[in-house]
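Next up: the structures, one after another.
The following pair of complexes shares a single chain, subunit A, combined with subunit B in the former and subunit C in the latter.
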Partner chain A sequence: MNLADGPTPSPPATARQPGPLAGAGRRRRARAVAALAGRRLAFAVPVLVLVSAAVFALGAASPFDPVKQYYGNQIFTASQSDVDRVRAELGVDEPALVQFGHWLGGLLTGDLGHSRSFRQPVTDVIGERLPWTLLLMCSGLAVAVLLALVLGTLAARRQGGWLDRVVTAVGHALEGIPPFVLALGAIAVFALTLRWLPVAGLTDAGQPATFSQVTRHLVLPASVLGVSQSPWLVLHVRQSLLSSLAEDHVAGARARGLAEWMVVLRHALPTALLPFVTLVGARVPELVTGAVLVEEVFSWPGLASAVVKSALSVDFPLLAALTLLATLAVLLGSLLADVAVALLDPRVATDG
Partner chain B sequence: MPHPRPLRPRLVPVLLALAAATALVACSAPANPDASRDADRTRLTLVDPNEPDSLNPLLGYAESGASKLFDGLLAYRADRTLEPALAAELPQPSADGKSWTVKLRKDVRFHDGSPFDAADVVATYKAALNPAYASTVRSSLSMISDVVEMDPRTVRFDLAYPYAPFQHKLVMGILPSEVLAKPEPQDRSPMNVKPIGTGPYELEDWRRGERMVLKANDTYWGGAPKIRKITVVFATDDNTRAQRLRGGDFDGGPLPPKLAKTFENTDGFKVVTHRTSDYRTIEMPMGNPVTGDKAIRLALNYAVNRKGMIDALLAGKGAPASTPIPQSLPEFVEPSAQFRYDRAEAERVLDEAGWVKGDDGIRGRDGRRAAFTVMYPAGDNVRKDLAQAFASDAKAVGVEVNLEGLGWDAIEPRMGQDALVLGDGNPFDPDLTSYPLLHSSYAGDGFNNPGSYKNPEVDEALDAARRTIDPAQRVAYYKQFQRAYAADPGMVFLVFLDHTYVVRDGWTGYEPIVEGHVHGFTWGPWWNVQDWAPKR
Partner chain C sequence: MVDLATPVTSGGADTGDWQPVARSRAGRSRAARTANRLRLVAGLATLVLLTVGAVLLPWLGGLDERLVDYGAVLRPPSPTHLFGTDEAGRDLLSRTFAGLRVSLLVAALCAVVSTALGALVGTVSGALGGWTDRLVMRCVDAVNAVPHLLLGIVIVALYRGGLLAVVASIALTHWTTVARIVRAEVLSLRQRPFIDAAISGGASRWRVVRRHLLPAIVPQAAISAVLLLPHAVWHETALSFLGLGLPPHMASIGNILGDGRGSVLAGAWWTVVLPSVLLVAATLAVSGIASTWRDRLVPRRRSELSL
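Showing the complex of A and B:
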């Protein structure tokens, strides 16, 4: 979605282009960017409605029986007549469209409904778990971006050198490794063999969620998430830095005798970073799926593991709310990336 | 492309410093920071594979007691007998056995400080029975026709029929009546995640999918527990639990027999084995033309090598099963109703019934092959192993068994046609397990008696035992039931699983028990943790 309707930066000519953004021009630009954001947000509404309707439709086709989930182990001793009574009481046999109507009506009045799998209000489930997911995803993204900038720059700086060869090879290999394999491997090495870091959880058994506890438990999942997301970013930074190092303005800077780090960091890197920002936005969906897998493996008490549980239990209200959140994250990610690029590079069209 | 000049020295340190900082954060964390916990024996940290869905007794939490958070009117002792908990004394039935009057304990308070009285008992049991609350324990209380508050300290239960083991229905946790004011499905009740009981512990914190923390109830009517805090960490993977137990993360937890054995010579730990009534049986549908034949079922009961299964699959931790009544309840066991391993007898029964061996070694009769399918829940390794062993024993006498591992949603609609590895069992009264499993009134009713076994003699003995108060007379009826069942077995009981646990040394108060089919940390060595104390 992002790549299709996103901005299309024209081939950069110089690192900075002063001039046209002064005074009235700057205000016009700000309005255009605001209009872009407005259009995208308006577009998001039908997308979200469609996505949540699709969740209910898929749920209706699910082979799992929500009444069995409601009963849990009690199902084995329950009489059929009692099970049928509960089925009627819970209204789980209502058509998906009717259930969707109930849910949508509740949503409009601010009531997200009740999660059957967690047996508590959906807002409580999200309220307890969203912060941990945000923490994990932001740290993971930070690790990925940091890795991309550091390794991408170093690799491009000496194309064909040993570091470049290692980074490229490992990067391509990592692209093919699913995050949960990486997670299990990391646990085997850093938690079980070396015993540097805890295996799983948010804190040690029986400890409160203090800063040092959470930090220690965050390192491994966040690193795994970051590393699993990094190869695309690293290879991208490397590639675009390579092309911008070949640009005239870089050659010009070199000719002026500027220091090498100045040439790379101030002249070549900025032009290489514009498409990078777009790419980071476009990676948000992978980040969300990656987080689901990493949270599962590390028993991280975030939203992603709730997705799995609610899907297995055909827990419509929670599943729909979580899907909406994920969709929203993707839309926002791409919007923020586009706004950032539009603000950074005045030549970028604001798709209207 | 311009020829890259060597990197100036200043760029390298900047980038390397960034990388090193990341690595440092990752590596600076100390291992096992919990060594200090060894000193504090007032805290107990356990690991368990099963996280409860809910802590609400109306949704089945701790249905057979040992709840920690709630009290029933009665509670179990180590010897499986009942003692008063929220009741002031053991209740007695009326002369016709159809009503039971319970006197209640005084001066009991819920965790929120509200006083406990008869209204709470009435509200809890009425909510369990009222379909509007969608309680999942309703079926097991179906004998209750009314609950009446006689006065604030007395409750009377009226039954639809005389039910001798009724005291066992009084171990369910009692909720405060205030939280039951509104009749609504219990998945909406705040009690699911923030329970308010009268029990020895209150819930301090529960991070779903990770761990639960209980803290001692200082005003507990039975005295403040000496173990002040219990943390239960949830870890489904057996090897993870074993590894983290060994690493010192936990003070105990359940492990499968083979893994538990590896702790037998580990300093500081002991392995606890509980005998159980937790049976595994090959349940046989009467609607299937092969399993519906009495000779096939009888022959397979002789053909299976139960001892061999226990030794090979359960590391010796189990007991052979022929009926739902285990040897661990010796007073009820009928010795003549036990099947021996006798392949020749199995072949004789089949030959006599006209099941003739074909060229491929599989028997047939009137053009029908002696073949059927056994389903087991996918992911349950014990049931899968037992199903495979059963299939190989059956093949040896000329009966072909095909195996299918499925989810419960796929199993349920096929239970009338295909056999199934079933497991359950309650150690407290034979009625609780045997009646729903084998009485014809439960035939095909949900997961109760799924094979629709119907045997008038079995029905008669089970009904008589249920309506008789005199204990000796009841034992006689249950022995009669077992003889009638063994003459025409409805299924092939294989084993009673032992439950094995690893427990760290350092506490006193543990008492061995016989367990049922339980999920979660309610039972196990910690069933009476409120009576434990740190070892001096």
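Showing the complex of A and C:
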């Protein structure tokens, strides 16, 4: 029998379940995935409570005294009664558990406290800065994923070729280069020597945040963040595409005489990309870490540079809130990746 | 004919964990083995060169890295200052090597402390099992859910105290990987006959842990410690770069790069180039050696510790 004669090229065997996944089955699958998401969300609650307790315990055990910070140098001239009044107002003498209760209650009602370093409520700081951080992180991730798909595929296409060797070597070298070194290098080359792009900030001095201004200022930080995150993704795509190119269904596709791009892009890549989705979800912590360093170097007005500012001035309410927010982002990242994999691949068990 | 429609094993196929095991690095082909050996030699050579430089430079007529000279501020590379001077007129060559020494020592301290902590937690968790194990592993999950640099920043910010705070912040965020590896090792060791023999010979739980389990996890823990080194260097550098790490008078690579940040904007590129190059060379050398070593000893455990 001539394999190329089939009415339609049969889909890669591992990418779809044999037989149509009809209405009832699909609904059952959707319910199972929703249940998985629900379970994972329920699992996130104790983790968040544990993290907030740990952060609070670190703060409570710290030798740092918020009353002294409140007064600064004036603590030496302030009267004892005033100091006592502030102590009572800040509630620093209550038992740690009571303080933790207050703080947790505040978190649940949306009152995150007052940021001392920005002199405004923590919720306002987050509201102002979250969009810029999300913009930077999403564009950085997009750059990294794009690089990974293009370079990983090209490298795996000709294993051992010059492109493959260059990509692999540069990838391994980039794993060892911290994002801030990359950022300084990028500033030195593209902003100071070539003068193509602005050095730092969200806009030119005194300019409103218009689309063109922000885009021009976004290019450098987003590329640095993306490139610094890309080596793991590129090497992963290359590796998993290499192993999927050796699988039976790809040999089958080749045997049916399909075009090379069709074999690689439609038959080998889909199976190779499932673990990639999980990997991208699992790299949110590194993305946050990279964002802290990149935002700091480029004076990007996002949450990650607020972390550094609040840490330098020991602004506990803001620092704690940002830590919890980052934890939430990490948990959401892995949840989204798991849901995406479960939706894309019917073989994945949803009861685990 | 190949049946293309063969149903793949349904359910339980956890594609997330599926990885080709020993395909690339573990030295299947000759070329791969040569590359592996090359990596090891290059890593060792780099490390030896850097160590010799760091140790011998003061004797070879290197300048004092703390010597401030406001008459020679931000000089480009010249015969007197081979790599130029920084914004306080300090010689960058001596300062970078001094910084490398500080960074590597701090990193080694952090790696040892966090490996000890992780090995302790992992052994206790694996040896006791049951509820303790479950609770400890949930705690490990919780620590891993916070980005490490962020947790490190929180610790350093609240306990601003120089070296000790930096070591604590790195050790308290990095023990989880070691704890996981050690726990898995203990769990698999517990199935081995010699443990059963010890128990039926009347050994107490404490004795089994001390005499049979702890010695057996030493190789794994040692590899983990070396693999943690580049992470620790990275973390210390990042913290110092942000102004949250070692006190400014200690010449760590992070401090030098943090100082150089302002100078780069003034056009003094040499203030960051050499420190960056040495930092990257040292990191890559250590991680190259460590991963080659691990590939030889335990070829399956490739992806557990990645930066």
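We take it that the second predicted complex is superposed on the first by the 294 of 352 C-alpha atoms of A that agree within 3 Å, B and C clash if a C-alpha of one lies under 4 Å from a C-alpha of the other, contacts with A are read in each partner's own complex, and residues count from 1 in each chain.
Keep in mind that, in the parts below, a contact is a pair of C-beta atoms (placed from the backbone, for glycine too) under 8 Å apart; a residue touches a chain by one contact, two chains touch by 3 or more.
What you see is a predicted model; the values in this text were computed from it and never measured.
Looking at the shared chain after the overlay, A:A78 reaches subunit B, while subunit C stays out of its contact range. Shared-chain residue A:V199: touches subunit B and subunit C both. In the superposed model, A:L146 lies in contact with subunit B only, and not with subunit C.
Of the two partner chains, subunit B is the only one that A:V250 touches; subunit C does not reach it. After overlaying the two complexes on the shared chain, residue contacts for A:L293 are found with subunit C alone; subunit B is out of touch. Legend: residue contacts after superposition of the two complexes on their common chain; A:A188 is shown touching subunit C, with no touch to subunit B. Of the two partner chains placed by the overlay, only subunit C lies in contact with A:P46; subunit B stays clear of it. Within the superposed three-chain model, A:E175 lies in touch with subunit C and out of touch with subunit B [touch as defined at top]. By the touch criterion defined above, A:V348 lies against subunit C but remains apart from subunit B after alignment on the C-alpha atoms of chain A. When the two complexes are laid over each other on chain A, subunit A has residues 63-64, 192, 199, 251 in contact with both subunit B and subunit C. Chain contact summary for the complex, subunit A toward subunit B: residues 63-65, 68, 70-83, 85-86, 89-90, 114, 116-120, 124, 128, 143, 146, 150, 153-154, 157-159, 190, 192, 195-202, 204-207, 215-216, 219-220, 223, 245-246, 250-251, 254, 259-261, 264-265, 299, 301, 305-306, 309. By the touch criterion given at the top, residues 1-2, 4-16, 18-20, 23-24, 138-139, 141-151, 153-160, 230, 234, 237-238, 241-244, 257, 260-261, 264-265, 267, 269, 272, 276, 279-280, 283-284, 287, 306-307 of subunit C touch subunit A in their complex.
Of all the residues in subunit A, the ones that touch subunit C in their complex are 1, 3, 10, 13-14, 17-18, 46-47, 50-51, 54-55, 58-59, 62-64, 172-173, 175-178, 180-181, 184-185, 187-188, 192, 199, 232, 239-240, 242-243, 248-249, 251-252, 274-275, 278, 284-286, 288-289, 292-293, 296-297, 307-308, 310-312, 314, 316, 319-320, 322-323, 326-327, 330-331, 341, 345-349, 352. The part of subunit B that touches subunit A in the complex is made up of residues 1-2, 4-8, 10-11, 14-15, 18-19, 22, 25-27, 29, 31-34, 37, 43, 45, 47, 53-54, 56, 59-60, 63, 131-132, 134, 136-140, 142, 185-190, 192-193, 207-211, 213, 229, 231, 233-235, 240, 243-244, 247, 249-250, 407-410, 412, 424, 436, 442, 444-448, 519.
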